[in-house]
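After this come two complexes, each holding subunit A, first together with subunit B and then together with subunit C.
Moving on, here comes the complex of A and B:
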């Protein structure tokens, strides 16, 4: 039987090494084609007529003028009179024309009248939310009342983290194209396999009639799983026009309607003993993610505090829909919890690192791993030397501070099927209807197949991004690396088994006694009895070997699992005269089970840290209550960090037997969880007072310092 | 963007003849760094766009110690900041140009365009008019999201801030702006060029609808030390939250007279004569610079969310003074 388990560390030639992503050169040279770049023969451009009101009912629609405009091929009402609109920017009518600007002109010529309804787009003041506030049932564990009455120290704080968007550099959208009754979809998606089903359902066509293709995606971060209204209506419009239609969201629409990360506000109380032992937690939280309100983030985060009481209220607002944002709910929960713990440490005049180590047993099954990571991080950032009690007392207006945070994530493998083909000419392909979000999925597949077959990585042709290949899960929840590496490993191992059978007689050996290494097939332990990969494959005659691997496949063991631990530490400086925060250094110590490609793993963490700096210091979906509109749907005032803003990033990957034993675990999301908390804690440590909200903008820093009692 | 007619005249006479007497119906195109976004966002809808880049005499930059610096309206921000004379004699201008922190924008954006660019007020850019009012004429800014709005000159109806980073430095240096219209050329002091509009139909500068900016004339500094300091949250691609430009005539460490102009805090660049008087006759020190900053913002009026800008304006003045006093010239 084939060997499915991962090779042990000493036998790995590719797995765990630092390997550059295969599509890197194509991307940096501009050759890589994203959906946004594609053009199909006869393609039209679709544009939406968008509702300017945050909450309204469509009264009337007149498309007659638009239909007569030059170049217009189809006009379609997508929300009839009577429809209730829940956010500004939602599409009401869609038009298709031969040129993009003609489609825009036509969209402007559509006359829609609305009955404007009352809206709510600001949730910070819960008392103004009225019946849009929907409290959830109280959650209690242990005896919080008793625990607080017995606590030697109680610390309280109010914290908040803003609604932000995904800000994908490639906006949402797709081309939809009919070939008779068959539909070709070219979307910008995180789910090449999954998205087709939505077209099947909405359009009532057989599943075999939809084909989805995508080579590269310019960011998704959790917001690109669905066909979306623009996808389904794009397909209908293409049918109506008899020509392919491309709809890509404009930057402002992208920021307004393509999803947001819910906000979180919380009043938090923590109880502890004088020695820093944490005993009690109480939180009253609220937040919004749009019309659906928002569920409670997983509070208290990571720490299994024995006595807890939690109340949460979701607020339904007209800000646009929520969508999963890289590690949904974790950054919020982490920021709220780790800020409260750091404030408790400050109240106790204790080092938060000491508090964490003291309470390490509250961290559950991976407590000792967290401990190891905290000590590693402390060593890298020189915590012992640099940490000081809250408030940098050195002279001058530039204050320095350190902060820390910790996080977890699941990252279990998704379902995946891979087909490995070994051709008589020696070439090898691996095919999956998966997608590479830019995380390095292509590279990971190639590494696993090459390692298994004893070939160099260049020998593997990876085919993904086409629903004609075997189905593979959507890339969400950090599930891809576990899914595709498991299915690819099994497919490649089975294929190898087949080729062993073919060549065994020639090597005068039992197939079970063969191994593949260094582009050769040889008798285990006897390299003199071998043949090259080419020679072996030429023995296939005209028949290629095809093998399918699956995840899950319990009969073939387990190659992946879930549950990671990570810690991050931040060093910042704050200009106390201007309230401007600069990142000096961010350290990430991350566990992720067995690492397939150390380089792309590091890249994921660098990217997550940068994204973390963005939401810690800059990003916010700024909604205007009077107009109900987003005021910064552009890249000028929806601020993101630039290269000069991110400081020095240090990544340390945890490796070793403990990681190997757990198999592959997803990594995309966990490292983006902690930066907000670590940076906020570092700012508090620097200036001596908590800036209670993210992003930490100059106005908030100066306000917090003023409350503390003036500027230094 | 809506369809428009495009003209590319080669003389300034042709250019002004193509302009008409209604703001917005015709627009001048220089680097396009602002005009294109205004058109794409449907804030400006010109029927005719007049590209002035083919007019040779609007290019170029000349300096003579006796008459000073002449900057053609089409000189790019990058050309300005790379010019050795500018860096040496007028560092406040180079520093302001450097503050436009995108090489791409600096390579295309022109000094004329920088002065004539429209406010970045997000209500204006979102289609709620220059004065950002609701349908009943009530200001959206006062009870709305005003953290980037004016703290000075904000008695209404305009609450936006003037976006030009060059303007405070030009005013502090005593520059003139030369305009050209059907009746020929006229010069306006840089401080008089910017005006606070009272209606949505007016513009924020003293150009007539059929005039263009042709050049900037900056007198010799007479040894005055000048500097710009901008407070920006991000290192790049970010607007200043407050800025100050200063020009100091000094005798040793003593300031004999000062020009101090704030930027990004009022609907027009904001000279602060009280602060200038306060500084005159004093020896520059950290404390004096700080107190001058205090004097600069005595007239400030906080809106609901922009109080922090008072502090930032104060710091900008302090740091601009210290930078000027340190620097040569």
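Moving on, here comes the complex of A and C:
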């Protein structure tokens, strides 16, 4: 019987160690080929004609001039006259030409007229939203009216967090190529298995006729699950032209239409006893994620406050539609809640760390884990020594402050199948129609297969990124590591079981009494009775061993679970003359169950902290109500943090038997949830007043200081 | 043009950028097209000994000049010290900014063989990453500097 459970710590040679990602060498040498880098024989370049209005009806389209231009092979109307456009940048016509700039010329030569309709692209003032505001039913728990009337301290605040975009460095797009009635798609995607189905549905072709391939993807963060209009229309255009077509979005289109995290605004009231016991919550929140509005983020976040009243209004706006953004809804909910708690602590003149510890029982089943993590973080950042009451009272214009936050995420394993093949020459492959977003998925698969088979990691050839391999879920919700490690473990264990049966007679042993370690197969507890991996595999003759592993597979136990905690602390300095916030230190203490690769796990957290600095201090999709357009659809004014903006980063991974026993839990999302709140709280602690909005730009810092009454 | 030591002849329209020439007309796809307006550094190459954003140089401006792209940094399949340090310090995630970053780091280290952390943060501010690999990049540059000086202590 194959051994499916994870080996215990003392028996692991690879799992949990610090292993460099397998595709590192090809990435650093420019050899890694992304969708954007691919060329197919006869390939054309596709460009879209985009609507300049936020809300309009197409009146007329004249493609005649474009069709006659040099190099143009196909022109296709994708939104006929009469179609209603809901956001600026939406595609109306698509053209294909032999060279990229010729396609651009042709797109410019298409004449489209519009009937311009009224638009709304800003949502901060709910009173101006009119019938675009869609209130949800009130949610109440306990008796908030009574709790507030009995509260000894009530704290109130208004907070907001802007719409940001995904800004993948490799923009969205794909090559679509027909071979007769078969379609090859080379997309930039987070869902190699899933995306093909959208082409099947839209084009009315059998699933067996669509093949999806992708080796590397230049960022997704939740925005690359779908075929999208440019994918489906790209396939139709390729059919029309009789040649493959590559459409990659230009940077402005990428920022306008290919991603967006909904905004959140909230007026929050909290009630507590004088000793810091939290008793009541009331929130009136609103936000937008484009034409679909926005649902309520999970408020109050993490804390199970006994008496609550929540009202939320989604606002439908004419901005590019929202897409899942790394930990959807959590950064917003976290920022709103943790800011309100910090403001309550300030009203009580208490240390927020003490408030959190005092109310720890409100954190539900993971309360003790949060407590452990808070204490660990406090030790690392020297909270007790450095924390002060709100407002740094030391002389000078550089003010220093500390802030904290906490978060949660699921990260349960997705469905996954893995096929492990052991060849008579000793070579081993693991195949899954999965994808590596840069999280280290390839490396994780290789580690699990190698550990299971007792081989070095280099012995495993990992094949992913092709829908011809066994299906595996899309990479979203931090579900990939649990899914692929479970399916790979089971496939490798079953394959090993097969090879044990083959070699057992030669070793004069029962197959159940064999083990694989150090590139050998040996009798358990008797290394003298062994044969090398090569010798063992040569006994297969001409027939390779193939085994399929699945997640889930209840008969084979459970290798992964879900539900992490996690805390972060920030230390910042604020220049009260310029309003510039500088990150001094960020500390992340994170649990994630059993760690497969400590090096890439740490990288996920470093990356999340840095992405958090981006949205805490710099990022905002700035919309102009007068024109309905995005004002900063470029990387000069849509700002990301640079290498000098991130301060000292400290990552502490929770490890040990207790974590191992939980199995694998996804990590990609949770650590990106807290930075905004932790940094905002640190700024408030430094300057003595809340800067109510993210990103915390210098003008917002100075405005908040002025409202407070100046520099002191 | 001489690209990574190999002479390449190419005839393109004057408006074609060096980046598009490398990517669309030749097969040097290491340099990436991201911001396309000299902000993010993903298209960084070395032109005539000088680091440039190839999205903002016209191909005709590169006529007759020596160009080094990321593909030209390793020799006989052996990674250059900065590349090896990127791998070891996990200074890449999705890897799309990585080639530009690697070239920028190489050019930076050629000028500043013994950088401090502050030098690194100032000198490499012209490259942007979305996944957040800066922590690894900082370590990689300092480690590569050390290796290139023959393992002496960082000064």
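Simple rule for what comes next: the second predicted complex is superposed on the first by the 711 of 712 C-alpha atoms of A that agree within 3 Å, B and C clash if a C-alpha of one lies under 4 Å from a C-alpha of the other, contacts with A are read in each partner's own complex, and residues count from 1 in each chain.
The rule is short, and it goes like this: a residue touches a chain if its C-beta (ideal position, glycine included) is under 8 Å from a C-beta of that chain, and two chains touch if they have at least 3 such contacts.
In this text, all values refer to a predicted model and were calculated from it rather than measured experimentally.
Visitor: Hey, is it subunit B or subunit C that touches more of subunit A?
Guide: Larger number of subunit A residues touched: C.
Visitor: For A:219, select first, second, both or neither according to whether it touches subunit B, subunit C, the two together, or no partner.
Guide: A:219 contacts subunit C only, not subunit B.
Visitor: Examine A:170 and indicate which partner it touches, taking first as subunit B and second as subunit C; both and neither are also allowed.
Guide: Only subunit C is touched by A:170; subunit B is not.
Visitor: Does subunit B (first) or subunit C (second) touch A:610, or do both, or does neither?
Guide: second
Visitor: With the two complexes superposed on chain A, say which partner A:439 touches: subunit B (first), subunit C (second), both, or neither.
Guide: The second partner, subunit C, only.
Visitor: Check the residue A:702 against both partner chains and state whether it touches subunit B (first), subunit C (second), both, or neither.
Guide: After superposing on A, A:702 lies in contact with subunit B but is clear of subunit C.
Visitor: With the two complexes superposed on chain A, say which partner A:101 touches: subunit B (first), subunit C (second), both, or neither.
Guide: Both subunit B and subunit C are touched by A:101.
Visitor: In the superposed arrangement, does A:28 touch subunit B (first), subunit C (second), both or neither?
Guide: Touch status of A:28: second partner only.
Visitor: Have a look at where A:498 lands relative to subunit B and subunit C in the superposition and call it first, second, both or neither.
Guide: Neither subunit B nor subunit C is touched by A:498.
Visitor: Looking at A:642 after the superposition, I want to know if it touches subunit B, subunit C, both of them or none. Which is it: first, second, both, neither?
Guide: Both: A:642 reaches subunit B and subunit C.
Visitor: Which positions of subunit A sit in both the subunit B and the subunit C interface?
Guide: 101, 634-636, 641-644
Visitor: Please output the residues of subunit C touching subunit A within their complex, sorted ascending.
Guide: Result: residues 13, 15-16, 20, 23-24, 27-37, 39-40, 42, 69-71, 73-74, 79, 83, 86-88, 90-99, 102, 120-122, 124-125, 127-138 of subunit C touch subunit A.
Visitor: Under the stated contact criterion, what part of subunit A meets subunit B in this complex?
Guide: Going through subunit A, the ones touching subunit B are 101, 104-105, 252, 577-580, 617-618, 622, 624-627, 629, 631-632, 634-637, 639, 641-645, 697-699, 702-703, 711.
Visitor: Using the touch definition up top, name the residues of subunit A that touch subunit C in the complex.
Guide: Of all residues in subunit A, those touching subunit C are 20-21, 23-25, 27-34, 36-37, 39, 99-101, 167-171, 216-221, 248, 250-251, 437-439, 599-600, 602-604, 606-611, 614, 634-636, 640-644, 646, 649.
Visitor: Using the touch rule from the top, collect the residues of subunit B that touch subunit A in their complex.
Guide: Interface residues on subunit B, with respect to subunit A: 1-3, 41, 120, 122-123, 125-126, 128, 134, 140, 143-145, 147-148, 231, 233-239, 241, 305-308, 311-312, 315.
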